[in-house]
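Chains: A, B, C, D, E and F, in written order; residue numbering restarts at 1 for each.
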Amino acid sequence: MKDIYIADLANFDEGKLFDGFFLVLAKQQRLTKSNKPYLNLILGDKTGQLEGRVWEPADPRIAKEFDRGDIVKARGSASKFDDRLQMKVDQLRLAQPGEVEKSDLLPSTTYDVAQMWRQLLSFVESIANPDLKLLLATILNDPQFAEPYREAPAAKQLHHAWLGGLLEHVVSLCTLADRVAPHYPLLDRDLLMTGVILHDIGKIRELSWGTGFEYTIEGMLLGHIQIGAALAEKTIDSLPNFPAKLKTLVLHMVLSHHGKLEFGSPKLPMIPEALVLNFLDDLDAKMQAVAGEFEKSAREGKGPNELTNKVWALDNRQLLNTKRWLGEP
Amino acid sequence: MKDIYIADLANFDEGKLFDGFFLVLAKQQRLTKSNKPYLNLILGDKTGQLEGRVWEPADPRIAKEFDRGDIVKARGSASKFDDRLQMKVDQLRLAQPGEVEKSDLLPSTTYDVAQMWRQLLSFVESIANPDLKLLLATILNDPQFAEPYREAPAAKQLHHAWLGGLLEHVVSLCTLADRVAPHYPLLDRDLLMTGVILHDIGKIRELSWGTGFEYTIEGMLLGHIQIGAALAEKTIDSLPNFPAKLKTLVLHMVLSHHGKLEFGSPKLPMIPEALVLNFLDDLDAKMQAVAGEFEKSAREGKGPNELTNKVWALDNRQLLNTKRWLGEP
Amino acid sequence: MKDIYIADLANFDEGKLFDGFFLVLAKQQRLTKSNKPYLNLILGDKTGQLEGRVWEPADPRIAKEFDRGDIVKARGSASKFDDRLQMKVDQLRLAQPGEVEKSDLLPSTTYDVAQMWRQLLSFVESIANPDLKLLLATILNDPQFAEPYREAPAAKQLHHAWLGGLLEHVVSLCTLADRVAPHYPLLDRDLLMTGVILHDIGKIRELSWGTGFEYTIEGMLLGHIQIGAALAEKTIDSLPNFPAKLKTLVLHMVLSHHGKLEFGSPKLPMIPEALVLNFLDDLDAKMQAVAGEFEKSAREGKGPNELTNKVWALDNRQLLNTKRWLGEP
Amino acid sequence: MKDIYIADLANFDEGKLFDGFFLVLAKQQRLTKSNKPYLNLILGDKTGQLEGRVWEPADPRIAKEFDRGDIVKARGSASKFDDRLQMKVDQLRLAQPGEVEKSDLLPSTTYDVAQMWRQLLSFVESIANPDLKLLLATILNDPQFAEPYREAPAAKQLHHAWLGGLLEHVVSLCTLADRVAPHYPLLDRDLLMTGVILHDIGKIRELSWGTGFEYTIEGMLLGHIQIGAALAEKTIDSLPNFPAKLKTLVLHMVLSHHGKLEFGSPKLPMIPEALVLNFLDDLDAKMQAVAGEFEKSAREGKGPNELTNKVWALDNRQLLNTKRWLGEP
Amino acid sequence: MKDIYIADLANFDEGKLFDGFFLVLAKQQRLTKSNKPYLNLILGDKTGQLEGRVWEPADPRIAKEFDRGDIVKARGSASKFDDRLQMKVDQLRLAQPGEVEKSDLLPSTTYDVAQMWRQLLSFVESIANPDLKLLLATILNDPQFAEPYREAPAAKQLHHAWLGGLLEHVVSLCTLADRVAPHYPLLDRDLLMTGVILHDIGKIRELSWGTGFEYTIEGMLLGHIQIGAALAEKTIDSLPNFPAKLKTLVLHMVLSHHGKLEFGSPKLPMIPEALVLNFLDDLDAKMQAVAGEFEKSAREGKGPNELTNKVWALDNRQLLNTKRWLGEP
Amino acid sequence: MKDIYIADLANFDEGKLFDGFFLVLAKQQRLTKSNKPYLNLILGDKTGQLEGRVWEPADPRIAKEFDRGDIVKARGSASKFDDRLQMKVDQLRLAQPGEVEKSDLLPSTTYDVAQMWRQLLSFVESIANPDLKLLLATILNDPQFAEPYREAPAAKQLHHAWLGGLLEHVVSLCTLADRVAPHYPLLDRDLLMTGVILHDIGKIRELSWGTGFEYTIEGMLLGHIQIGAALAEKTIDSLPNFPAKLKTLVLHMVLSHHGKLEFGSPKLPMIPEALVLNFLDDLDAKMQAVAGEFEKSAREGKGPNELTNKVWALDNRQLLNTKRWLGEP
């Protein structure tokens, strides 16, 4: 486990020495005004990022061979420049395998992954339709899908942008759909739950999360909607006697879950289950974004009478934390 | 009670005589090609509308004094013209007071109004915040608000466009909000429920439903959002010591519930409760529109493999009834 | 072969008897004002549609058993009503198998299908990349794809909405792409031609053309873009060692060919070949629409100084036929 | 009165000492690269803002207790950094009450407030309809409204963003409406003038102008349109026998004066007076923005052949000062 | 002068014979259900249009040679069909030259053209800048421009769509600009008045008004903005020493007067005079549309509590006639 | 010829002295923190721009009299600051006439201008219609048009933004149109080629390229579409007997070539030739932008697996270089 996290440095004494493990997110060679070469680094861990400066790259205590994507151990001191934290790096070496958990270096869900996975499987268990249940079980029991499903973030940024974020988002959505489904008798609950569990599965290939969260080229050119639909279709085609109508419906739910053509869904929701999936997905993503903004405001020291910053995911609206404003617990 | 409804006539023998009570929705004097005057009527009851033709307006069996908005008893026979049903009216007189229920002549909720009202009051009862509870109780105990609240349609057309539709929509929304609220701990449930119960209250003055559903001039020029906010504000100002912050939040929920400026909300939702209100209101209206379309498709004799007509309230999408297509019960 | 086509009737003597084969596009039972039942039909052939009226459905010369989708032989006379042609049907019987070609009853390409198919195959032959060539050959040699590819219309309406329209559009586009590709050295011609040949292949399942041109339910819920991408992906996965990068590029071209999210492409063109495919596809469709409008104007007797009607596919613009206006040949 | 204003510093000798009174708009503690703490201030007066640096915050000549919103007297010298003026602060103390006018520290109208107020009252005097005249007199004679009406800016930024700006904008609009009204006989001049005088009155609560121009939370959540309509409604309801129709019309004018839903009006103008109010309000705001831009260009030393910068309030257009370009007086 | 106008027929006894002069707007030969040929005409005069039916085209009292664009005298009787007035024509002959004024047959301004022309010239007279005054005088004294300027409608439909409408609109706009200009000292009044007088001059070639109001092909392909700018440029180039800067400004005003690219102006207003021209032009057109709608509502017998129909030129808004609703004179 | 270009400096030793000729794009006097005046320059040549700092402006080796737009010879050394290259200038003097080519100081086409001009003339030669050929020959033989036509950039930035860019773009478009025209028999090739050659001719006055690429005031207020149409119209009017219809068509092509009102065309393409011109113009501009981005990515050292930066001219899309990704030559 790491001893010190980037988020801790905000309250750290300037100039005091510390050690830490970091993921190297960027590395550039530059020159000072007096033409001396130095290294400019972006270092990250699960709590944030900071800029690092190696003023003496030739110092024997600075590793010569390291690059973007490597995990390093660095020693130095912090200072502020234009309100941004900066680290002056005195020593730096590659981390040994096992010295630090990857989950310490990328932002990660605060929930227990194993428990969320059990919740997900119990939702699958609750499905009555045998074809849909078999489809989901086939996918979730296949390690090539299950493993990244447990790890993937739900987004590069915006909402649930952390390791385990995809699973966290889907489990939240399952719970929500489970509450809403009985309210509308015309809904086929099994189909809705299937849509919830599969709608974002393409993200396991759209994104990469080894060293920071990035889009893959496949992800950029095809998108998680198409990747997810293809993945579902391939699994369905491998099952004996999966009903053709059900296949069309499952694929339609994956395709239409963004709800609008301009959000990248090639089809609008045309069945009640797809309509509800789109609403709940959107609501859950936005509520998570709201919660994240409120936490950020608190972290930044905003008072209860202050609105959040403008939130990109909510049309640049500013939000007010009702409970805090009213002084509620 | 009425004996025969307009919806029944579709399967009625053409030419066979029948009696019925109708609301006169329009009345025009016209001339035949041979210059004989006749009356053209639009007659309505709670199941629909049909055109009526009085070819002999001078016949003593035809009342001379009746107008738009009157309830009449008419005798005649039906026939189809260009797929639209038409009634040839042989006799017509004004209905006696008490001969027929107004609720038979305008479309009306299929739920029990008294029971829905009790449900609504029990949701008020469930509110912990004493100021909000008092506000709601004050409004719902005031007959000048409570009576039209029980009667009003939720819209002129589109969704819940029937007597009692407003109450039906709000009770459905209370139930739904009650299910969703616990899922998001940052929500102030009391405030959300207050917003649900008050958001559309301006419709009691925006619409008139005496003879068909119409907008009032006040409704056209001010809109139910402004009327509702003013009504809430006036009641709040009559209560002693209602907290100013809470007043701002309640008014904000009414103002922002359409969710977008272009839908007539002068403010976007800026608190989590307003965000959720907007989502659930929109979802409930759309799901009711979907259910209504599926019923209409069945009534029109469409098969399970046919999509509905284009639905205006859903961006002119056509919808597929999943359960029916799959042959589910 | 049919003797008389609907388009011929415009100049036919009103009231004169004629025989013809027609596809029944709609059939409804109605009542006259005097309550006599009659049949209202929509009859079609490859040149157009007309309304048919059977005033004496009980006449023994009128077949009792026929329905939407059947081919019938009818005798009667034509007249105009409100500028629309109408046929009074005196006799009507089901057509015998072989009496008439289906291609006479639905609008059909004016080009030779066999020859267009050979052109298409020669474009495949011109591709140097062995993987792409094998992919195309595999699809075009598979009767389950090749047969509908030769038959399908390119659209339900708008452009190339006739049997063979898909093939005609693709061959035109191949020729055009072949002219344009050498102008831009950065284009990979093989990839561009592959995109041209596969971009609309999903239409073979999105549309049905047995009795009129309709969308299938699969087509409505998934769309030809997704169907086509899935079809390409499945074929690619069946080929040994098809390069993964090439697969991503081929699928991207199919997905992005509509060029805008709001036109149903889930991804915008992000490679030069996809950009060019989108431009040429759009240009070819619009030029065909222009040509069709000019023919329609001529058919309707418009003079060279008159603009066409408003063209839906061109933002409701009206167009001027330059050559005709200038009196050029 | 202040001796030196921020706008004067542009032409001031760099490094020369000066004194000044300033409003503290922001205050932050920071560290130099060598880890020495310093203070970073934003100082403002009615002519602009500048950054201030206190390099020796421990110096006894620097007050220890001052904060955002305080008025201070500071001594120091100016220099340019990246084209922005910066003040090196050597001494700083809190201002004594009465040492400086608040109107010197926030931008303020250049017109005489008392005279504008008399003009406004004379427009009220010119209204013939006794109900409307009484409504306006009641509001303008109530110090709780009249006082902030005389002080408020018309906006946080964009147009008339200075103390007295609301009054200046309304008086300009009264004069303009007075010129335009006789041109259209169908206009009810009294109603139009009432709309002009009340349309922006909600800004007295939407904005705060004690220390810089800010939105209040009430202003953010409700907006000046709703606040103004509520204020008008409450006053109307306090008057005996104010006609109901007139109330609806007055409220409609306030609600609709932004002219478009997407600009925050919940209703479009539906009466001629509201239509004209929206046009003139928009025109006056834009013409003021144009005048302001021309002044800014002159201040920045632009020549007569140069366009202004892009103007946000005018769709990022650049404007040309016609008279100056033509060399007219 | 005509004795009877189409607008009078609404209150005319059905079946009673009358004579009238009409412009033939359309002429079609058709067949009755019993295959008898008849003529269907659209007849117009300055008050409206009606459909005419010649059931006996072979009758010697019916002229054989007449066509679209001819003026005819017709005798017959009126009746209503589906609420539209229809004329049964018994006799019809070509009108003699001089029997009727063209201004009786097309809608025409209700103002005195000669007097409006004098007003226009006096506005030119009020211009101080000699170059602009010479430009305007040159154009308005040239019969090739002046004559159509006095006759042209301002639009095919929408606003001022009648003979003399262009002049009426420009004179109204001159008066309005004359009132507004002094309110903004930064405006160059001469330039503004020049823009007002020239902005729509291209309409004299964009429209034709010989027989109904139509677009010319030149008008469709180039538009009145380009035609007007070219006309102004050509005249300017014919004047000695017209300043180049002034030319650019005059052309800019013509080009930008629609105010938005999507309304067909290739440039947005970038000088204050162009901004004001766009506002006043838009306001005047809309106020005329409002006045026209109010007249139409009165003609159609709508009561003071009824809104107008939806007005296309005002985003399909419905409008309320304030004065009439309030019972004002 | 210049010895060293700005683009070369990226790989130049920091601190080593060099000489170069540069265009002065901006010149500002500033103060150091210690209040010493220095000069800040933007220097450009055909390969890019860099910031220059003259720390000792009083040094006799620094010219006193030079300004924006001058060509200078400067000696100094380069260093990097925040990844941007900066030049420390030790000596600076005005260049002698003839010392350096203007084409070395502004970005310039890489093609041979004389040869492109011959290509253009041969396209004119290929036109059969004598009126169109005479029109083009008249313009291209007039030095007042021909000279700037050979020099002008096609844009201020975006595509073909270099000297000779207009000619390069037009010649590319001629070649492309020549390939496409035969594919659509309804096209009038002569008219299309005329439109291609004239569509952007207004740019010779819309832009100035003496010292950097700028819009002229005429260009800002009128735009190249209007300037080009006026230029074409004036030339046409100077030719004897140029057919009126052909004039309308030529002007329509210039006016409509941007294809959309919101892109500044006052008319949409309404003839097939204008439609094709708009498509090919757009395609060619975009393909040039793509090629430019690919070169930029290579220059910036991006690998074959990296997408380009977001491209403004392509809706902020990122692009993938297909051939490079596939490892093709």
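Rule of thumb we're sticking to: a residue touches a chain if its C-beta (ideal position, glycine included) is under 8 Å from a C-beta of that chain, and two chains touch if they have at least 3 such contacts.
None of the values given here were measured: they were computed from a predicted structure.
Asks: Among the other chains, which touch chain E and chain F together?
Replies: C, D
Asks: Go through C-E and A-B and name the pair with more C-beta contacts between its chains.
Replies: Between the chain pairs C-E and A-B, A-B carries more contacts.
Asks: Measuring centre to centre, with centres taken as mean CA positions, what chain is farthest from chain E?
Replies: Farthest by centroid: A.
Asks: Work out which of E-F, D-F or D-E repeats the contact pattern of A-D, with more than half of the residue-numbered contact pairs in common.
Replies: Looking at which residue pairs coincide with A-D, the repeat is D-F.
Asks: Using mean CA coordinates as chain centres, what's the gap between chain C and chain F in Å?
Replies: 44
Asks: Give the residues of chain C that touch two or more other chains, as numbers and ranges in rising order.
Replies: 217, 220-221, 249, 270-271, 307, 318, 320, 325
Asks: Draw the chains as dots and join the ones that touch; what shape do you get: line, ring, star, complete or other?
Replies: Per interface graph, the chains form some other shape.
Asks: So which chains end up touching which?
Replies: Final set of chain pairs in contact is A-B, A-C, A-D, A-F, B-C, B-D, B-E, C-E, C-F, D-E, D-F, E-F.
Asks: Which residues of chain D touch chain E in their complex?
Replies: 172, 175-176, 179-180, 183-184, 186, 188, 191, 245-246, 249, 268-273, 275-276, 279, 282-283, 286-287, 290-291, 294, 307, 314-315, 317-323, 325-326, 328
Asks: Per the contact definition, I'd like the list of chain C residues that touch chain A in the complex.
Replies: Chain C residues touching chain A: 217-218, 220-223, 225-226, 229-230, 233-234, 237, 248-249, 251-252, 255, 261-267, 270-271.
Asks: Chain C touches which residues of chain B in the complex?
Replies: Its residues touching chain C are 14-15, 79-81, 83, 305, 307, 318, 320, 325.
Asks: Touching residues of chain F toward chain D in the complex: what are they?
Replies: Residue list for chain F touching chain D: 28, 30-31, 33, 35, 217, 220-221.
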